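You will see two complexes here that share chain A, one where it goes with chain B and one where it goes with chain C.
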Partner chain A sequence: MTAWGVRFEDELRRLGVQPGRARQLADETAQQAAECDAAPDSLFGPAHLYARHLLSELTTRTLPLNGPSGPVRLRLTGVGKRYRRRTVFDGVDLTVRGGEVAAIVGANGCGKSTLLRICAGLTRPSSGRVQRTRRVGFVPQDAGTAGWLTADEHFTLFGAAAGMAPRRARSTGEHLAARLAWRPGRKQLTQHLSGGTRQKLNLVLGELHSPDLLLLDEPYQGFDQGTYLDFWHQVRAWREAGRAVVVVTHLLHDLQHVDQVFDLGALR
Partner chain B sequence: MLHGFLDLCLLAMLREKPDYGYGLAQRLATAGVADVPGGTLYPALLRLEQQGLASPSWGPSESGPRRKYYAITDLGRTELAAQVTGWQRFRDGVDTLVAAGARR
Partner chain C sequence: MTALVVAALSAREVGRRRTALVLVISLPLWFYLVRRDLTGQSLRMLTLGIGWAVSTLTLFVVNASRGVDPRLRLSGASTAAVIGGRLLATTAGGVALAAAYWLLAAVDQGLDRPAAAALMMALTAAVAAPLGGLVAAVLPRELEGALALLSICAVQMLADPAGLVAKLMPFWSGREIGTYAVDATGPEYLWRGLAHGVLTWLICAGGTWSIFAWRLRLPRCPEP
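This part shows the complex of A and B:
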């Protein structure tokens, strides 16, 4: 098999395709390139991006249009959080499946961010049970990036944590950034980026390893109108690709884009 | 523009005769419909296979590697009939809009 084919098959497996099926798809792709008398990369583009594209094509149209039916990616059962004697929330039940977008809403201080951190496994709940898929992407409200590193260095670092080779992490990061209309500067340190652009970096880092469940905490602070629309376009693309998405928001007009709304303020 | 109608075109061509990927791409181009890149065509074919709308079989070629031929299934014919109805409605709608402006 060609080097391209090996990279393609590796990426399919990394995305959770069974080894036998990944091999079969890699063989077929090689055969398709052969019948067109073309090199795979000139016909299909970079191997890992084509792997993602193919998988989303294969999962997209098989989802019924009338609602999500994907596997459960996140389930909260009776989850509560107390700080000393103060109960922040209690009895949260929430199920999010692949191909579904859920919004967590509620007034400031009702614990939206805390709940999202519990979903991510970063904060322990005081009560209840959390079940989640293995591959999770978390995008915090701000921070999460290091001011003295460039965007590329972030891609390499976060990619390494997910077992990605540096070159692939960088090319994936740049590709994802382009979808948010951002072209990272080679030498620009993150501390010199605008707040909105830093949030784009955060978003790219959350998605870099192609997670099954994306947890987003108001990730569009500082976005201009165009980028804000790009962001929701991206959320729709994730949904169509069968990912599960949970987004914390306080903007009510966002809710037209989501499948279910969880009002944390209404619990009390 | 082709987006949404690629499945329809592929199923229609397969109803005419079984074919392989590159052959279908050439037929689309010859018909003047579109030059469909491989990265769009082959995922669509795999999807038709996965949905049971087309069934694959491996065939030899005169020169070079073996080819994967696709034939339409009964389920594929049903799906095609439904998509043709949708396409005709769309085409009639566009025709109406175009004709309405041309009369002035």
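This part shows the complex of A and C:
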């Protein structure tokens, strides 16, 4: 097998494809390249990006047309959170499947962000049970980035955390940024980015390691109209790729884009 | 691998904060210049200045990454890689700072035991990094952490070196090795200083790791 094929197979396995299936896909891809009498990298592009693309295409084709019925990616059973004597929420039951977008809505202070952090595992629930898939991407409402690093350096840092080589992490990050109509400046520090662009960086970092479950806390803060539409287009793409998406929102017109709505305020 | 990337990028972040960097680098110099007329005092003050500068730098580096570190853990990094990488960066910077000041002192003062003086400064820098990390772990806000480090360094500076209070302070090892380096005493000062430095490093590094391992822990959620 060529070096490209080895990288392609490795990336498929890193993305969670079973080794046997990854080998089969790598062989089929090599065969296609041979039939076209072309080198795989000139035909398909970088191996790690094509692996993501192929996986996304394959998952989309296995999803039924009438609603999501993928594997359960997140299940909350009777989850509650108390701070000392104050109960923030109690008895939350929520199930989100692959290929499904769920929105968490509610008034300010009802615990939407806390619930999302519980889903991520960053905050412990006071009661109840959380079951979720291992590969999770979390996009906080603010912070979560380092002001003195560039976007490329963030890709390197978060990629290293996920076991990706620096070059691969950077090219994947730039590829994902392009989907949000953003081309990161090589030398521009994050603290000099606009609020909306910093949120784009946040989104890319949440998706960089190709999670099965994306947890987004009002990720469109500071987006202009075009970027806001790009964002929901991206959410639809994730949904079609079989990923589960949970988005905290307070904008009611967002709800047309989602499969289920969980009103946290209604529990009170 | 992850720890090295974290270390390299932490160093790059600090390197971009030019004004802060100049202040950190120059801090030990003022300590040195105040007592330049006395070789022993100037070296001890210089060493304490290095300890203060490196511990404060670590405090700010660790505190500045509070928003990023939980996300790195979620992406798959271990606590040891994240915190170890940051301590590695400030330790390396601190040892480089110590080397530069050792060169200055060697040229300016003519040291009798230059290797021991180098050890005194490098050990203090190495202890200062996890000390700053431990203070950052215990006191998450920068002002409180900076004031705590100021208190530690002030007590270290003013306490009777033979008394118990000075021995309980983190930079006592530098003073002991300094006595060996400057006053031509027996090697027992060197060994006592080394033992104190190693023990302090273990306590500070272990304490930092333990607190962050608890704070950045991720629950084992079962697959649905």
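Going forward, the second predicted complex is superposed on the first by the 268 of 268 C-alpha atoms of A that agree within 3 Å, B and C clash if a C-alpha of one lies under 4 Å from a C-alpha of the other, contacts with A are read in each partner's own complex, and residues count from 1 in each chain.
Note that in this section a contact is a pair of C-beta atoms (placed from the backbone, for glycine too) under 8 Å apart; a residue touches a chain by one contact, two chains touch by 3 or more.
The shown structure was predicted, so the numbers you read here are calculated from the model rather than taken from an experiment.
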State whether A:130 touches chain B only (first), chain C only (second), both chains, or neither. second
Considering only touches as defined above, state whether A:205 meets chain B (first), chain C (second), both or neither. second
Of chain C and chain B, partner touching more chain A residues: C
Return first, second, both or neither, reflecting whether A:223 touches chain B, chain C, both chains, or no partner chain. neither
Check the residue A:156 against both partner chains and state whether it touches chain B (first), chain C (second), both, or neither. second
Considering only the touch criterion stated at the top, classify A:73 as touching first (chain B), second (chain C), both, or neither. second
Between chain B and chain C, whom does A:43 touch in the aligned arrangement: first, second, both, or neither? first
Once chain A of both complexes is superposed, is A:29 in touch with chain B (first), chain C (second), both, or neither? first
First (chain B), second (chain C), both or neither: which does A:89 touch? neither
Just chain B (first), just chain C (second), both, or neither: which does A:54 touch? first
The shared contact residues of chain A with chain B and chain C are none
List the residues on chain A that touch chain C in their complex, please. 71-75, 95, 120-122, 124, 130-134, 136-138, 140, 143-146, 148-149, 153, 156-158, 160-163, 166, 189, 205, 208-209
Chain A contact footprint on chain B (complex, rising order): 20-22, 25, 37-39, 42-44, 46-47, 50-51, 61, 64-68
Mind listing the chain A positions that touch chain B in their complex? 25, 28-29, 31-38, 43-45, 50, 53-54, 57-58, 61-62
Listed in rising order, the residues of chain C that touch chain A in the complex are 1-2, 5-6, 9, 12-13, 16-17, 64-65, 67-68, 70-77, 81-82, 218-219, 221-224
